[in-house]
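A quick write-up on the structure given underneath.
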């Protein structure tokens, strides 16, 4: 299976997203250049983390107009899987691939830390290898991760099972401080209505090797492999 | 060629020369070198190149004495960064740099551009940056201004490194009134390269084009390397910006483009335009290659209209590089830059004639004979005399200081020390740094040293910056030795063999005899320690004139150490992990108290001699520790430093806040020592390890000639620190120690956190 | 074609959490400015726009806001001034 | 005491690099807004200020700008409006 990782100007998680399928799944990765109109036959597109266009104006606001985004959008419309991580999540929201927006962390500070997530929906193509309500630890690293949407959208997301990951208390985080950015309803990751676009602030691609502290992100890549290859 | 003054340039007067920071003697040298009066442009060039910052005139003779060689050193001092081989054809490039003065004026941008500069120094060597570190000094956090500086510097470092996508993996932060008004901001970068990709900034090849790459040149920072003067060029000066604004986004593009350029084979040299911008980068590259160059300032892409050669040459606009390309390959170079949305412009050429020439179209505005421009700068070895105040402080006996009543309970003292911002957890700081990007960080900030794996191998590098300025103040020679030894010890604690150092000499005004004394002695101490520990110096930076109204800062020679971890299996962390493990102390306790955080924090005294250091014993300790780690007998290792043994033990118990560990410790063998020296003294050469096999560790230590004592047991779920010292029994709850240690800085910063956030949240990058 | 100087304000939609506004208010109180309330922080953009008329400049600016300068989910924009440059 | 609604604009000082303004200008060009130039991005603050008079409100606002709202080293500020709230 082939993962295509988009490099926008200012992407810096592209390398990690590129390595994860190769190192953890022994699958193929290719970089996709933002100026191209070619997905190079990728089965799964990853919009990686970083600071596309320096996050100037708003994170993701400028990158979503990149030429490659037309192809990514078409791929998503065809039902192709898109994994949008961190800055990728911000871009996906700006591009309208996912509802809502990501705003400045409530603390006004960038925060990098391992964070506990609860898998809210283990029935998506991205999460089938997790157990429902499983607690996992995955790093976050962002300054603009506060998920916001209007109440109606939030209710719909919850009703349709589109909330996939939620920040949750565990031994690392005190119960009152587990939500690292003030996201509404503790939302850390959501899928599109059709279930093929996942946006999340935490970095599963940084958690595929136990030597780095956690391999809890591995199951996400394995889920994709299992479902997309099938 | 005939040099002609530009219309509108000021005439050269003694006052103008003085404003440019040149002494009469230096000016005479310049005139002798030229055989005529310099033009305004020439005066500007020389004032920059002969500034302390670029010329090292007060430190060069001292730096020459440092050891720089080892079989694995591929590049020692003299280049943008040092480089050492780490096996498998791989090498690491690393360098440290200061941005103290810019950060004092504008903490956010000052610190951010400091990170930008050191990144460029490393990637110009052909290395991909893989880690950032920093070393920070501030005054007391009780002051609102200090909290503002601290918050701004941390945010500036974080935003820049985070945006470029280089993990910030380690560092140190010290708070002491000695740094009030003059914070120290040192940033270190480490990069990885293949040996054959090593690139040097040496101009060569007559006819090769010189190309300016990256951001356009503006009027920012023209005062930077040389001088501050308000009334130079009439018009815009009042508004001339003194601070440089960093653009990490452009830096990221520049990084990728530069590495692609270097690998393309189209260029022969590349150097960043850092201090004194175009002037120093072009002059230094020419001097290293012993060739001539000509630069046409009309061709330099400018951000503003009407910039003069003087301004274009001296601007310190950020995110710019100077490249010497192979003749005929200009288009390919421009093509690579265009791919990354950057501009490139041919602005000059390497010439056979041994001159450094600047033209503005048809007019020659500056011309110097060859490399003398760089080499003819005078050096100074001023008078050195130890300050009488320091001498008398050192002579005072710390044991004569009466204990405070509260000290009857040593746990009170312990808690006070854990609350000291210098000792307390720096999580508030490093949580703002992305330390997991690039998926290489095996041990991030918070440990004794960082460990970054080398992908494709089973190896890793261990990294740490260190310096205890108070020790250096009390005894510069010993203090500098300790700085090197402590960095080495930290690297060994995580399983790394210390390899080489970079250093940043942060001192006061060298023209003051007591400051030059500190500088000279500290460099001597550094030399001795580096020789003894086998860690050559591959580069560094000197920052002088760090003074505030009450005098110089503590002399602070920051050491940036790089070590090699031979197998990921050796990676060792500081926190206790396992119930029932034995706790073993390597090294010995003493009655020393001088220069300790205890005296400063509890008694507000900076007195006594810093702890003795025995460099041979340090080497033996490192050898024993590494042997025990490699034998697989060590479960955790943590060195004893600020705050002494009690603080170190407490840290082992609560460093991992999610898994607090209890411990039972018996220090009765040392019950004859003064209790406060035993618990809080900072004797050197000590490491606390936990092990399932104490006998094995003791045997290795005894073979290696290192004293080792089993002092206790890890009690995973007791929730208590239980200490016995003879008949004395102490009990503390780990939970409350952890609360003090982990919450000290957040609580202080909360007091005014919002004030800084407002001023800072808006700073462009976020 | 003439050149117009345009100023645009982009502000967080009312009712949404505005942590920056709150931080500013808290900080001002800490500094002793007790009589300050209801603080909001947005973006202020100034640009030069070449257009055939003021109305045209305004129209162009509106399009820029809708397409890029403001996020319709969280922000409102207002064109504050359009004046000959 | 009356309450005044105050608007303040804080912009990057001229001559200093404004990478954000440049990025926005480039993006607008890419989107086909070719006639746009000289883009700068600053902050827009609105606040309620209790003061005895409009002049007093203005004075207080100026102090707030100098002490907190603008960075004296890199930014300029302008008090856009002071009006009864």
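Worth pointing out:
So that you can tell them apart, the chains are marked A, B, C and D in the order they are listed, and the count of residues begins at 1 in each.
Basically, a contact is a pair of C-beta atoms (placed from the backbone, for glycine too) under 8 Å apart; a residue touches a chain by one contact, two chains touch by 3 or more.
Keep in mind that what you see is a predicted model, and the values were worked out from it rather than measured.
Chains that touch both chain B and chain C are the following: A, D.
Of all chains, C has its CA centroid at the greatest distance from the CA centroid of chain B.
With A-C and A-D as the two chain pairs, more C-beta contacts join A-C. Here the CA centre of chain A is 30 Å from the CA centre of chain C.
As a whole-number value, the distance joining the C-alpha centres of chain C and chain D reads 9 Å. Centroids built from CA atoms put chain D at 37 Å from chain B.
Residue positions 10, 19-20, 23-24, 27, 31, 41, 43, 68-69 of chain D each touch two or more of the other chains.
Annotation for chain A: residues 53-54, 56-57, 61-62, 65, 104, 108 touch two or more other chains.
Among all residues of chain B, those that touch two or more other chains are 247, 249-250, 755, 757-758, 761-762, 764. Taken in their complex, chain C has these residues touching chain A: 12, 16-17, 19-20, 23, 43, 68-69, 71, 73-74.
Chain D meets chain C in the complex at residues 1, 9-11, 24-25, 27-28, 31, 33, 35-51, 60, 63-64, 67-69, 80.
Contact residues of chain B toward chain A in the complex are 155, 158-159, 162-165, 247-250, 252-253, 340-341, 430-442, 453, 455, 568, 571, 657-659, 757, 761, 764-766. Chain A meets chain B in the complex at residues 9-10, 12-13, 15-16, 19-20, 49-51, 53-56, 104, 108-113, 139, 141, 143-144, 171-172, 203, 205-206, 209, 211-212.
Partner chain D is touched in their complex by these residues of chain B: 105-106, 108-109, 215, 218-220, 236, 239-245, 247, 249-250, 303-304, 317-318, 755, 758-759, 762-764.
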